[in-house]
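Have a look at this one.
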């Protein structure tokens, strides 16, 4: 039971981590919590669904297509809803409110156009189940796949940020946006890249979530959990997002298994509040203060 | 005619909640994504009292206000004491609101996610109008008093406010409690108007709609958000727009306002300012 | 009263690796105007922030009128009789001049929440009285015509005056002014110097002043404290400080004699 709980926890944790990375990436560069990310994830799932049902793509192409689509959506989101505010140097709170507005807008657009029906991906995507540790626990091949992709993606992101020109520019932007642009970096392009990256991870997460469970308009709110994961790891930290996702996934599953599934959500939100109050920087986050 | 009256009544009920949030967000400068949950607490507290214990309506309303205020302390004290930066605070209260909803969905006495039907429809338009009028009067008194001046100072510049003798924590907490009381009143009135409440009526979505009204109406204004709130409720009805499209509109409105007119309809002014100005023909200060 | 009004001993505050204030000791005599000067980054505003409770000192003591200020919150320090202005003006921008001055006065109003919510006659009376008092204070500072003007609409020089007026509204014994002459031309600083001396007289204040404009400092201060790298460099009357070797070196560099 214990081992199974851990394994289940890690598999959902991998998906949380994928989603959390998106939050942390945007936060690390623009210092605001992008609540529209959940909507992007949800749209990624729908794109995946569309690819499978209308174009009959296989799993690999579905994931790739969703990632690309979600990435582009995220860039569009930034251009339309945030770039004006960013240029005006509006406080991060304004950005967050615009984000919330986007989330409500997108979610209800889907509701109103596509409908509130819950959709499922075709069965064959999640069929194979592996028995590990002499049959004491089961893990779906898909979960392993998702977990693997999460780790690979985050590693890849890390390499990108440390070894490519754009990546290094992003890290410079984290410290000082203005200085960065004064040094000749095209800020708009840089931020577009950041959002694209956040979007592709979100798209992947959306598809995995959709396959694992179902696709519906309000699935974006599951990403509230991913937000909590990002806070645990420390907003703005990518290794933190990975770790936070895994930790939250495991902790939540333990609460759900050994206490009750209702308490699971209360636990997660309670954890969020406790963290924000007592340790807002999470495990690896940065500290920013105000000059008096 | 009945239909129009009921829309006006609903709008009035909503306006009281928006007034509450306006005190906290518009005048004290703290954004909240959780005030719908406080409305829900007021709704459930008052409904439970009239439904199970046959408590008189006014007493139940009062109890709803008190319940909402007490619950607001639970989230207010730790988060305001910690002096969270504004977006963290908004998220903390968001999480709190969602946690409350989950709790409401799992209690026996609230009848869980299925909701509480058969609540006595005590709320009438005259009652709502009376409550709204009294609420506006009390809110106005609060804002003109030393406590309101403290709230506004905290919004303008917390560092300077401290050096003007204002205790940041107490000013913000009082603002939260007062705003919660208004939301609780709104909830109580709503429960006894719709005759049926469900936890899903008090989520992040509704909190965002409240916030949209405050921002669209203008921060630092009493009349602005009231007007915006009325428009938000009345116009979709007049246009026969379905619920989900309304939410699409709220989301869009929020984004557009942040982008193009962050001060909203009447940022930091009241309806009376316009009348005074046009009468005297004085140039703006 | 005898003895210094404000006494700072061994005050130390570090931010990360940087010692903003390093074992600072000085005293402010009552009824005098004392100036704090020093090169940029010397830690002067940090001293103000420590005295007003915005930061907590790592070591040392701060005593005001014989009472220790350690661990006291900024809003309580105001109650003890200290008021300040800020280097970057911090007004309540969207409030009128009158409301800026009225706000601190209102915090001492003797009514509670229930009375406030009902706006009882007692509340209205207090409100009227304090508004009147605010207008008088604005008039003392020459701002009576601006009473209903939004603070952010004021020209820079008047904004500074308004900030001082707001500080005076708290009826302090000690007034801390952080670079009040910043951004002023010589005529404006002359007028400011006169204002500072004037309010000291009229309001019976002790003033502690951070300034870079030497003309203002030399004109109004009876005592000067020189800080460099967070520590005391010199301490004495203007004539003495003006010719102090170490002070000249700190400002002009070691080679000043050969320049």
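Observations, loosely collected:
In order of appearance the chains are A, B and C, and numbering begins at 1 in each one.
Throughout what follows, a residue touches a chain if its C-beta (ideal position, glycine included) is under 8 Å from a C-beta of that chain, and two chains touch if they have at least 3 such contacts.
Only a predicted model underlies this, so the values are computations on that prediction, with no experimental measurement involved.
When every chain is represented by the mean of its C-alpha atoms, the one lying closest to the mean of all protein C-alpha atoms is B. Across the two candidate interfaces, B-C and A-B, the one carrying more C-beta contacts is A-B.
Farthest from chain B, judged by the mean position of CA atoms in each chain, is C.
Computed centre separation for the pair chain A/chain C is 49 angstrom, with centres defined by C-alpha atoms. Note on chain placement: the centre of chain B and the centre of chain C lie 40 Å apart, centres being C-alpha means. Chain A and chain B have Cα centroids lying 31 Å from one another.
Across the assembly, chain C contributes 54, 86 as residues in contact with two or more other chains. Multi-chain contact residues of chain A (touching two or more other chains) are listed as 292. Among all residues of chain B, those that touch two or more other chains are 159.
Remark: chain B residues 138, 141-142, 144-150, 152-153, 156-157, 159-168, 174, 220, 268, 285 touch chain C in the complex.
Every residue of chain B that touches chain A in the complex is listed here, in rising order: 31, 33, 75, 78-79, 81-82, 84-92, 94-96, 98-99, 102-103, 105-106, 159, 204-205, 208, 211-212, 215, 242, 244-245, 247-248, 250-255, 258-259, 262. Residues of chain C touching chain B in their complex: 52, 54, 73-75, 78-79, 83-84, 86, 90-96, 99, 102-104, 106-109, 111, 113, 116-119, 123, 127, 148-150, 153, 166, 170. Interface residues of chain A facing chain B in the complex, by the touch rule stated above, are 32-33, 80-81, 84-85, 90-98, 100-109, 111-112, 221, 224, 227-228, 262, 265-266, 269-270, 272-273, 276-278, 280, 292.
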